[in-house]
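Structures given as structure tokens follow.
Shared between the two complexes below is chain A, which pairs with chain B and chain C, respectively.
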Partner chain A sequence: MKKILDIIPEQVKRLLIPVSILILSFILLRSFLIPPDFGKYGHYRASAVDEIAAKDIKYIGQEACEDCHDDVVAKKNMSYHRNVMCEVCHGPSAAHIEDPDGNKLSAPRERGYCPLCHEYIPARPTGFPQIVSESHNPMKACIACHDAHDPAPPEVPKECEACHAEIARTKAVSHHMEVSCTRCHETSEEHKVDPRNFRPSKPMTREFCGSCHAQKADASKELTRIDLATHGERYVCWQCHYPHLPESK
Partner chain B sequence: MEHLAAHLWPILDQIQGYIYPNEVELYWRVLIVIYPYITGLVAGAFILASLVKVFNVKELQPTYRLSMLTALAFLIVAPMPLLFHLGHPERAFEIFLTPNRSSAMAMFGYVYIWYLMAVLLLEIWFDYRKDLILWSQQGKGLKKWIQKLITLFSKDISEKALKFDKAAVKVITIIGIPSAFLLHGYVGFIFGSIKANPWWSSVLMPIVFLFSAMVSGMALVLLLYQILMLSRRKEISMPTLDKLADYLFYTMIVAFSLEALDFIHRIYESEESIKIVSQLISGKLFVSLVVIQLLLGMLIPLFTFASIKLFRFPAELRKLLYFVAALLVQVGIFTTRWNVVIGGQLFSKSFRGLTTYKMSIGGTEGLLVALMFLILPFIILYFLIKILPPWKESGTP
Partner chain C sequence: MSCLSVSFPSLLAAKDNKNNSILDGSYDPQSHSWGMGIMIDKCIGCGRCANACKMENNVPQLPFYFRTWVERYIIYEGGEVVVDSPNGGVDGFKRRIHDKKILRSFFVPKLCNQCDKPPCVQVCPTGATFRTKDGVTLVDSKYCIGCEYCIQACPYGARFLDPQTRVTEKCTFCYHRIIKNMPPACVEVCPTQARVFGDRKAHASPLVRFMRMNKILVLKPYLNTEPAVFYAGLDMEVR
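== the complex of A and B ==
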């Protein structure tokens, strides 16, 4: 043993002291600091599950609101906001249930909150009501015109763009910019108040597009003309051409 | 809830095209730009130091210790941006206690500790041991005791012991080179392995990162060497500076070729992401990628180094050109990190839209904190140089 110790240079022996202190303290710290139930279910502390379950509940759910505010909830449930839960706007409400007078709830009254869902973004589904805040009654709060519990617009939208913003923007820069929506889509008045049950029509025949684009159509001379008999005869036009941006490929 | 609205609403204005809601805001901000930049400087400075010990490049001897101390100063700061970004630095040690072997990010702690403890500190210790013993014998007061403590009160400066020190330094450097590659290659690996992001996902990423790291580390030591020599009113050794610039030049050629290869490969492959990527390059990243990274940070320095090699400029002009070129390289490599980290988050995974990043000034992830992390390594380096002077004349015969 002494021989082995003699072979090790002096500086290495000294170095071994802090290194072994480091390694030993690491091992010791590990045994102290790692909770005994770590790794029981996975790479986490098993008792963390119980601790999280024991935390105070902040959100209470819509059913609890209904106990007192049944009229408001009933109104909301009949409206377009039927899938928006009360606490989305009013915030966590568990404390309010415990002490309704002590913990009053509020809702955002300024412009700015509603656009989080309703500002125009191309990623939002078409048909979902979207506005451009700068041009949509810029000085008014949303709730000045819209009742959040029944948000159907106070006036029936005048333009299709109110809901179909992305299509309107695409069409506005296309060769079809002059063609009004209703030229191709027959739309009943009911569609504006009950859009899903009263859907607009779509052109179903080749002749419809042909009324402008066929060789002999009675339309402006600059329009692209095709021979309906030979041009993609087995398909309806919009199966190949996107009518809202017909020049796209 | 209203503060959320106030925060998110203005960002909606910045969006172009089709972008998913969770991509509007960037989650990896300027601190995540700083982190690979600093780690790169560490790896680069160390690899430069290893040229002296392993490859016996005598001309670079005056920069050996400076490179090691620079690597150490920057390595100490390297994890700090991450801790600030994640929050709760007091919990950071837990990744060592319960290592998550399936997470590349979690394993970085071990790569870092290995590099700090087993490579840098050990190599510096063996290299300085003899000098520290002699300094502590001559010194007085607190400094003497600090020096004694660093040597762990060892006294043996016999020829046998010194021979062992020398051998130990060589062995550690040989282990250190792959370790330095691992340290920074790992950073590239993190980005390169994010397969959902076409701007990042590339097998070449670790190696591109590595070479840009070497470029930035060498350029930093070149700058520091000149500045420190000037501030000490000592003569700058031109063979050292020329050799350093030579290595920087060659490494830059490799780095540039690799980046060009990556770029050409992307264009030739023309995957579905190519349109949004070209929109990104020609739009939001044009200034930082084409003007700063490529032109100012790569082509102009390359041209400068090449013309110095071709024409015989006087020494004073060479010093100035090296300095300016190395400074441009630093700016270029910093924007390289910016373009990778920020650029990769500016476009939507739908490949149809772009968002914007606006850096805040204050806050835990703002400009001021970022500047602090860029200045802090130099302050640490100042103190390291005070305790462990890297100059030849400070050493004892």
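== the complex of A and C ==
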């Protein structure tokens, strides 16, 4: 052992002292600066997960509303709004559950709120009930006619355009403006109250359009005429032409 | 380093959060892999998700700070594409005046894609952003130094620097809710069920059904980030 120590040059032995101090201070600093749970599950502080997990919940869910307001929830669950949770309109309710009297919830009563979902926008999916606010009973609050918990229309819509505004607007500026919707779409009365389960029909034969547009059809001479025998014989007319705007490509 | 086999045991702050399942050890991150499905055809662009997210997570109410937001795509005849997202959709969308004919138009809700291979985690110099065992990328706000590397690295623009705390913020899939078996706030309030949330590892979950019933796509698949947010009915123009 003494031999080995003698072999090591003096300068190396002296150098060892500051090097070991450096290493020791690094280990000390590291244990002081890095929290003990760092690296427990990965290259991060394990307790950060718990800090995030411990955040407060604000949206408590419809089941909590049902405990007290079971009548309203039951009514809503039978209506078109069955999939719209209470907190969509009434706001986050966790505080209200804790202290029902201290933290009252609000309900949107102004005309601007319902159009967030129901204003007509071309990007909205077809079939979703939409209105044009400027022409749909202007100045009247939505809740004056509609019960938000059971939003079926107060009276069955008389005109198709009440729901199919997009198609009605397109057709109104087309050559088919004079053709009524029901001329092509057989629509049962049930469609007005249960639109998805009672769908209107579509013309399924070429001869239907041909009743106006065939060469020998008994109709105004100004109409476009085609020869049903040679014109696109494999297809029903609306597979190529858009009947609500027939002049489009 | 990491002990893979144990579930989260009781850690700090156990005193004031007794009902918290992650703290009492009843929640096992190993057995979950969270994901979200989004049905483009169902989204009506009401923006209630973006609004609820801000409420639930105390996101700054100013514009440009979003954990989730809704974009509107308008594709005109001739191929011109216009994308807008006024205030992230929090105040809803207004009808635009068009001088051209619309070919197709739709809404796309966006959020952090909770990638299986997150580019943001790779670039973090302090270990402040990390991916948990249950597939959620989180930010340790005490460790984040606000260098914004991760904000630049995210190809989906899902991160932002909180103007008050000066640390990075992002969607956590509402981690504080999902560990208690509650859906994220955006999923909770979606009036048309355009958002579906669930466990990819589960035998049966709403997400598993969504992935079985739909043809699905992810955003920017060529980046190999392997997102956990799946879109049904995604258009080729969506970036």
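We adopt the following convention: the second predicted complex is superposed on the first by the 200 of 249 C-alpha atoms of A that agree within 3 Å, B and C clash if a C-alpha of one lies under 4 Å from a C-alpha of the other, contacts with A are read in each partner's own complex, and residues count from 1 in each chain.
Convention: a residue touches a chain if its C-beta (ideal position, glycine included) is under 8 Å from a C-beta of that chain, and two chains touch if they have at least 3 such contacts.
All values reported here derive from a predicted model rather than from experimental measurement.
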Name the contact category of A:K40: first (chain B only), second (chain C only), both, or neither. second
Report for A:A229: first if it touches chain B alone, second if chain C alone, otherwise both or neither. neither
Give one of first, second, both or neither to describe whether A:E51 is in contact with chain B, with chain C, with both, or with none. second
Of the two partners chain B and chain C, more of chain A gets touched by chain C
Kindly classify A:P18 by the partners it touches after superposition: chain B alone (first), chain C alone (second), both, or neither? first
Identify the partner contact of A:I4: answer first if only chain B is touched, second if only chain C is, both if each is, neither if none is. neither
Please work out whether A:M139 is in contact with chain B alone, chain C alone, both, or neither, and reply first, second, both or neither. neither
First (chain B), second (chain C), both or neither: which does A:N83 touch? second
Touching A:P125 in the superposition: chain B (first), chain C (second), both, neither? second
Between chain B (first) and chain C (second), which, if any, makes contact with A:G61: first, second, both or neither? second
What residues on chain A does chain C touch that chain B touches too? 38-39, 43, 91, 115-116, 119, 121-123
The answer for chain B against chain A in the complex is residues 1-2, 4-6, 8-9, 12, 15, 17-21, 96-98, 100, 117, 125-126, 129, 152-156, 160-161, 164-165, 348, 350, 352-353
Would you tell me which residues of chain A are touching chain B in their complex? 9-12, 14-15, 17-18, 22, 26, 29-30, 33-34, 38-39, 43, 89, 91, 108, 110, 112-113, 115-116, 119, 121-123, 133
Contact footprint of chain C on chain A as seen in their complex: 37-59, 61, 81, 83-85, 87-88, 91-92, 115-117, 119-125, 128, 248
Looking at the complex, which residues from chain C come into contact with chain A? 1-3, 8, 11-13, 16-17, 20, 22-23, 41-48, 52, 55-57, 72-74, 92-95, 101-102, 105-107, 127-133, 138, 140-143, 172, 175-177, 179-180, 182, 185, 188-189, 191-193
